[in-house]
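The following pair of complexes shares a single chain, subunit A, combined with subunit B in the former and subunit C in the latter.
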Partner chain A sequence: MTTESNTPAVVIDHCSKWYGNVIGINDISLAIDGGVTGILGPNGAGKSTLFKLLMGRLKPSSGSVRLFGVDPWESTSPYRRIGYVSETEKMYDWMTGHDFVSTLARLHGMTREEANSRAEHVMDFVGLADVQHKEIGKYSKGMRQRVKIAHALVHDPDLIVLDEPLHGCDPIARTSIMSVIRDLGEQGKTVLVSSHILDEIERITEQIVILHNGRLLALGNLHAIRDLLDKHPHRILIRTDHPRDLASAFVGSKPVYGVRFSEDDALEILTNDLSEAHSILPEIIVKSGIKVHSIENPDDNLDSLLKYLVGGDS
Partner chain B sequence: MDKQGRSLSETVWTRLDRKAGAITELTVRQLRHRISTWVVLGVGMLMIMMLSAFYVDAVRDGFEPIDNDGDSEDWDGDGYPLGQERKFGTSDWDPEQYPGSGSYVQDGSIEWGDDIRTHTGNHTWEYVTGIFTPIWIDESYQGDRWSMILDFDSVNFCEEENDASEFMNSWSVGWGGGCEFENGDYAFQEVRFRGEGTLRVPRGHYAGWGHMTDVFDVEPEPASNYINEDDLDWNGNALQSQGFDDDGDCLRDDWNLGPESDFWFDKDDNNNGRDCDVIYVLGVDGVTVVNIIADENVDEDPDDEKLLGESNHRGFIVAVGKIAFVMILSIFLPLFLALGLVRDETENGTLHYLLSKPIHRGEFITYRILGYLLISGTFVFLMSLIMASVTSLLGPGDSIIRFGDIVVWVGIAFATILALTAYGALFNTLGLISSRYGVYIALVIGIYEFVMAVMTLSGATLVPVLSISHWTLQLVDSIVLIVWDDTLFMDMMSNAFGYDTILGFFWSPPAHTLGTENPYVSAIISVIVLIFITVSMIFFAQSLFKRREIM
Partner chain C sequence: MNNDESQLDIASGKTRMEVAYGSGDGDDDAKAVVARKASLGVLFEQVYRPWNGDLGPRWVRNYAIFRHHVYGIFSSKGHRYYNPFVRLSILVIFLSSLTPIAMIFLSSTIPGEASEWLTRMWGINRYNLWGQVLGYYPRNLCMWPLLTALVVGGMISDDRKNGTSAIYFSRPVTRTDYTVMKFLSASTVLGFVIVFSYMLYYSTSIVFRGEGWAFLIDTLPMFLGGLFAGILLVFTYTSIGMALSSISQSRFFAAIAFLSIIFGTKLMAFLVEIVFETSILYMLSPYDSLAHIGQWLVGIPPNYDHSIAFSIVSILLYNAASIGLLVSRVSTLEVTRE
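Let's look at the complex of A and B:
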C-alpha cells in the first residue's frame, strides 16, 4: 500500500490536550510524511499523549489532528493505513505469536487464509519465524516487542507509530528492532518512533521532533541540532589520579577555555567546540604521560540537549 | 465491483463478517482461557445433572397415588381415616371420638345468671365449675387437659379444708382442674367428668350435663379407600352437567350425622342450582374451556397416574426451566462472563490492540457480546438438550419419545438465551459505566431480578414488568402453552379442584396478551421486550464507549 494522495500522513495543527489542570501537550503543530521520525522527550514530555491523540484514543482539547486528512477521533478509516505499537507490555499471553498477529489481521477485513499468510510474512520480517507458534507468555521482552511490531505491520500500513519500542529490550533485541525500523523507513513508510534516549534515536534516524513539557522544542535534523550543541559550552570529564598535572597540559589549547576540578580524581575540561576538543585530546594525554582511567561526555545526552534548547546552562 | 466481482455492499459486508468473526472468536477464546468460565459452567452443569438425577429418581419411584384432598390421614391415631370420621361426624383430632364411639348429647345446664344453681343427677357433666357432692364418681374417665376431662391423678386436697362456701368466693383451682375436700366433696373448674351427685354452681359460672349415645362397632376403613377415590368426571361436553361426587363427601346422602354435629355445608358452591357438580365455562370460540367452577369436594381426588402424572411432569419441566435456567443460569452466567467483556480489556491494557484497527467501538461491543453469547448460549442449549433427553424418554405416556418435551426444552433454551443476551448487554454496560463499582451494581440488579422473578412466579403481573426475568418467565409460560395447549385446562383443574400439582405452582397463564389470551401474542410481546432491552442497552453502551477517552 502506498500513500495515494498528496495529503501528509500526519498533520497536527495547534493541538493542545489538557487533563483537567494538567497539560499533556501544548499548542503543537507539525506535519510528517515519509521516512523515520524520532519523537524525543523525557518521561512526561507528552510523547504518549501525542500518540494517543494520533490513535484516536484521546480527543484534542483544542486544535486538530489529521491522519491522511481524516480526524482519527471521529473516524476509524485512517487505521486501515496505520500500524500502532503501544508502550504497554500487556499482551494475550495465552496466544501464540502467529495467532496474535493473524487474529488482529482479521480485524482489517482479511480472510483467515490471508491473515495467516500475512502473519507468517511479518513474523519472518521481524525475525520471529522460528518461534511464531510458541505462546507469547514464553517470549522474551525483545520478542514480545517484535510481535507487537509484527501486528502493526501485518496490513502493510503507510504510517507506523511506535511508542518506546526499545524500552526494556536487551542490546541484541534493540539492534534487531532498530534495523526493522530503518528498513521500514527505507521502504518509504512514514514511521514515528518515540524514545527518551537520544542515543537510541540517533542510531535509527536523523529526523527528530523534540518535546519538552508538552511543547514542541525542536524539529529537524539531529546532526544540525547536535552541531549547534557542539558549538556551545560543553564538558569533557577525564578521570585520572593526577587531575591537576593533566590540567596544566591543556592550558593554552585552542578549543579549551577553562578547566574545573569537580572531584579529587577528575578533571572537567570546558570547551566551545566539542569535536575539535576531542581531536586534540589523545595527543595531549599521550604527551603528558599521565594515566587516564576514562573519558566521558556528561553533556552528550537528552537532558543536556534539552537544557541547552530551553536556554539553560549546559 | 472488486477484483473478485463482488459489489461494494457485498465487499463491506464480507469485511464486516470477517471482523465480527475475528472479535467473536477472540472473545470465545479469551473466555475459554479463564478458569472462572469453567468454574461457572461446571457449577451450572452440576446443577442440571442433579436436577435430572432427581427426575430420574422420581420416575423410578413411579407416580405414587397422591391423596389430593388429605382425607386418608388419621391425625388422631384412632385407626379411622379423616374421610371415615367425617361420615360419622366425629373429630379426627380427638382419639376419644371415632366412628361408633358414641357422642355426647346435652340434657340441661346451669347458665351464668340462672337463679337455681344446684342440680342433682347421674350424668356426664361438662364445662363444670362448682362444688360436687358425689354419690359415685368415675375416676377412670380419663382424658387430657385439652379434652377438658378431669384427670383424677392430679386431684389433691383443697387448701380451704371444709369451708366450701368460702372456697366458692375465692375460686383458685385453676382451669381444667379440681381438688377434693376432706368431706369427700370436689371443687371443679371448667372440667368434664362422669358421676352421680349434687352440683352447686357459683353465680357467674356455668355447668352442663348430658348423656353419651350408645357405642357401636364400626370397622376402620383402610386409608387407600380415601386415595384417588373421586376421579375427574368430564366428558368434554361443557353444555352438560359435569362432575360426579364419586366418594359422596359432597352429597353426604348416607352419612350418619346427628342433626347438631353436622356443620353447615353448601352443596351448590357454584350456584348453578345443581348439588355437587362442576361447571366448565367455554370461551367465545365455544370450544376452549376458559374456566372451571366446581362444587366443593367434587372430583377432588383423581387418579394420579392418569391425570396428575402428566401435570407434574410438565410442572417439573416448567420448574427447572424457570428456576434453573431463567432465574439462575441466565442471571449468573452473564454476571461472571459479560461484566468484563470490555472493562477487562481496558483494565488489562490490551484494548488498544483491538481499537487501533479499523473497527468502530460500537461494533466492537456488539461482537464482544456475540462472543459471550456463543459460549453461554451453546452451554444453555446443551443443558436444555440434556434435560430434554431425560424427560422426553422417561416422561409419562405411551410413546417412546415425547417430542413435545424436546420442543419445550428448545423453547426454554431460546427464552434463556434471550435473557442471557439482555443481561449480558446490561452487565457489560454496567462494567463500562464503572469498572470499579459495576460488579456491585450488577449484583444488586441480579438480586432485584431474582426477586422480580419470585414475584412473577407468585402471580404478580404489574411491578415485575420492570424486569428482564418477568418477560423471560412469561415467554416460558407462553411456549409451554403453545406446545401443550391443554396446559391451561390442567392448570384450571388444579385451581378448581384444589389439586396440589407442581404445574399449578410454577406455571401460570401468560398475563400480557393484549386481551387476546393467545399465547403467541404474549410470546411475541415478550420477545420484543427482551430484544428492546438488549438493543437499548447495547446502544447505551455504544454511545458511552464511543465518546470515552482511553488512557
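Let's look at the complex of A and C:
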C-alpha cells in the first residue's frame, strides 16, 4: 500500500472537544507524518480523547481532524490505511489467533487466500507463529496485546495508532512489542503510541507529543524540547569521593553556573548548555586528577521533562 | 522426542533415572535423563514484509460480515460462535418445518382413502400454504419466535456487552454496513428455515404428486402470496428482534423481550376478544397482523373483524419503529455524538 499524496497522515487543526462543561481537548493543532511518535501526558491529559477523535468516535466541538486529508467522522475511508490498537478492545476468545487476524483482514476487503497468508506473516512478525492456532482465550495478556498489534498490521496500514500497547505485558512481551514498534517506524510507517510509562516511550522514540489538561504542551524531539526549557537548568550528576575538590575545578567554567552537593559522594553541576558542559567535562576531570565513579544526566529524560512541563504532576 | 524423554514428568520435576548401580536388563544402553530447563525468553525473526495487494471494495467487506454470522451456524472456526444448543434448536426447527413434505411423500406412495386424507391434510391448498408460514400452532407458537429469539438475540447485544463493535468501527465499515449486514445475516438464517422450507414444501408437493402445468398455474398465485407473507414475517421478526438486541447488553433479555412481545400482545388481544368480542386489539400483535395480511394475500377468509388496513398499518409501524430504534442505537455504539 502506498501513500497516494503528500498529505500528512494526521493533521489536527485548532481542534477542541468539550464534554458538557469539561474540556477534553483544548485548541490543539499538530501534524504528524512518518516515524514513531509518543503521545504522553498524565491521566486526564486528553490522550484517549485525542485517539477517539482520530478514530472518528468523537466529533470535534470545534476545529478539524484529518487523516490522510479525510475527516474520520464523516468517512470511514481513511481506516483502509489505519491500524488501530485500542487499550480496551475485546477479541473473540473462541477464535484462534490466526483465525481472528484473518477474519479482520477480510473486513478490510482481502480475499480468503490473502487474509490467511497475511495473518500468518503478521502473527510470525509479532512472535506468535508457534501459538497462532491456539484459542485467544488461552493467551496471556502479553500475547493478546501482540495479537492486537498483528490485526492492526494485517492490511499493511500507513498509520498505526497504538493506545497503551504495553499495558499489562510482562517484561519480555514489552521488549518484543517495543522492538516491533521501533521496526515499523524505521520502515517509514507513521506510528502513534501512547503510554504512561515514560521510560518505555523513551526506548521507542524521541519524537513526542506532550498533553496536559487537554492542551498541547510540547511537540518534537525529546532533547530539543528539553533544551528549550531555559528556566530549568540541566543537571550533571558526578559521583566521586571528593566532590568539593572537583567542584572547585568547575567553578568559573563558562557553561557551568552553579554547583550543588546533593549527597556526600555526589556533585551536581548546573548548566544551561548540556552539550557544551559535556565537552569540557573530561578535560577538567583529568586535570583535577580526581577519581570519578560515574557521570549521569538525571533530568535529560522524559520523566523530568514531563515534571517540568506539567508541574510535577506526572 | 525419544522414548526416554517421553517418560519425563516435567510438571512434578521428577525424572526417571536408569543408571548408576543398575544391572541386568537395559544395562548396556542405560543413560540418565534430566528435565530440560524451562525457557525464560524467546527470540523471533522480526522481518516485516509490506503487502502490495489491493484491498477489495465495499461489497467484499460486507460479505465478510455476512459470512462471519451465517457460516457460524455450521462452524465457529473463524466465524461467529453459536452455542451448540442454538445450532441444535435451529436444526430441529428446520426439520420440523419439513414434516409436511414427508406426509406428502407418504401420500404419494400409498393408495386409496388414506392417500386422499393425507393430501387433504398436508397437500397444497390455500389453507395449508398459509399454515406452513403463518399457522399459529405449532409454527408461530413453538418454532418461528423461538428461532428468532435464538438467532437474533445476541446479534448486537453481544457486541454491546463485549465491546466487540469496536472491531468493526475501527475498520472501513460504516454503521450502515454493520447494521444492514447483521440484519441480512439474521434474516437469511430465518429465511432459510421459514421461507426456504415453504418453497421446498410447494415444489416437492408438485414433484411427489406428479402435478402438471395446470396445477402450477392454479396454485402459483396463492404460493406467491404465501411467499410474500413469509418474507414479511421474516423481515418483521428480524427487525423487532434486532431492535431489542440493540438496546440491551444481554442476548437473554433480547430473546425474552421478543417472545414477550409476540406472545404477550396476542394473549392480551385474545383476552380482550373473549370479554369484549372485538378483534381490534389484535392489531397490536405482530403475529396476528402478519397472519391477517397473509390471509388476505393467500385469499382465505380472515379470522379478524377489523379491516386489513389496520394490520398493514400495524406492521408498517412495527417495522418503522424497530428499524428507527435499531439505527439510533447502532449510531451511538462506541460513539459520543455531541
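Quick note on the criterion: the second predicted complex is superposed on the first by the 226 of 314 C-alpha atoms of A that agree within 3 Å, B and C clash if a C-alpha of one lies under 4 Å from a C-alpha of the other, contacts with A are read in each partner's own complex, and residues count from 1 in each chain.
The rule is simple: contacts are C-beta pairs under 8 Å (C-beta built on N, C-alpha and C of every residue); 3 or more make two chains touch, one makes a residue touch a chain.
Just so it is clear, the structure is predicted and the values come from calculations on it, not from any experiment.
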Quiz item: Do subunit B and subunit C fit side by side on subunit A after the overlay, or clash?
Solution: clash
Practice problem: For A:K47, select first, second, both or neither according to whether it touches subunit B, subunit C, the two together, or no partner. | Solution: neither
Self-check item: Contacts of A:T103 with subunit B and subunit C, given as first, second, both or neither
Solution: both
Quiz item: Regarding the shared-chain residue A:D124, is it in contact with subunit B (first), subunit C (second), both, or neither?
Solution: second
Exercise. Could you tell me if A:S179 is touching subunit B, subunit C, both of them or neither one (first, second, both, neither)?
Key: second
Quiz item: Thinking of the overlay built on chain A, is A:R146 touched by subunit B (first), by subunit C (second), by both, or by neither?
Solution: neither
Practice problem: State whether subunit B or subunit C is in contact with more residues of subunit A in the superposed arrangement. | Solution: C
Self-check item: Superposition clash, subunit B against subunit C - the stretch among 22-30, 76-84 or 166-174 that is involved
Solution: 22-30
Quiz item: Do subunit B and subunit C land on any of the same subunit A residues, and which?
Solution: 52, 55-59, 76-77, 79-80, 82, 84, 86, 88, 90-92, 94-95, 103-104, 106-111
Quiz item: Inside the complex, what are the residues of subunit A that reach subunit B?
Solution: 52, 55-59, 76-77, 79-80, 82, 84, 86, 88, 90-92, 94-95, 103-104, 106-111, 151-152
Practice problem: Going by the contact rule at the top, pick out the subunit A residues touching subunit C in the complex. | Solution: 1, 18-19, 52, 55-59, 61, 76-77, 79-80, 82, 84, 86, 88-92, 94-96, 99, 102-104, 106-111, 114, 118, 121, 124-125, 127, 129, 153, 155-156, 172, 176, 179-180, 183-184, 187
Practice problem: Please give the residue numbers of subunit B that touch subunit A in the complex, ascending. | Solution: 14-16, 18-19, 21-23, 25-26, 29-30, 33, 348-350, 352-360, 549-551
Quiz prompt | In the complex, subunit C residues that touch subunit A | solution = 40-42, 44-53, 55-58, 60-61, 64-65, 68, 76-79, 81, 162-164, 166-174, 334-338
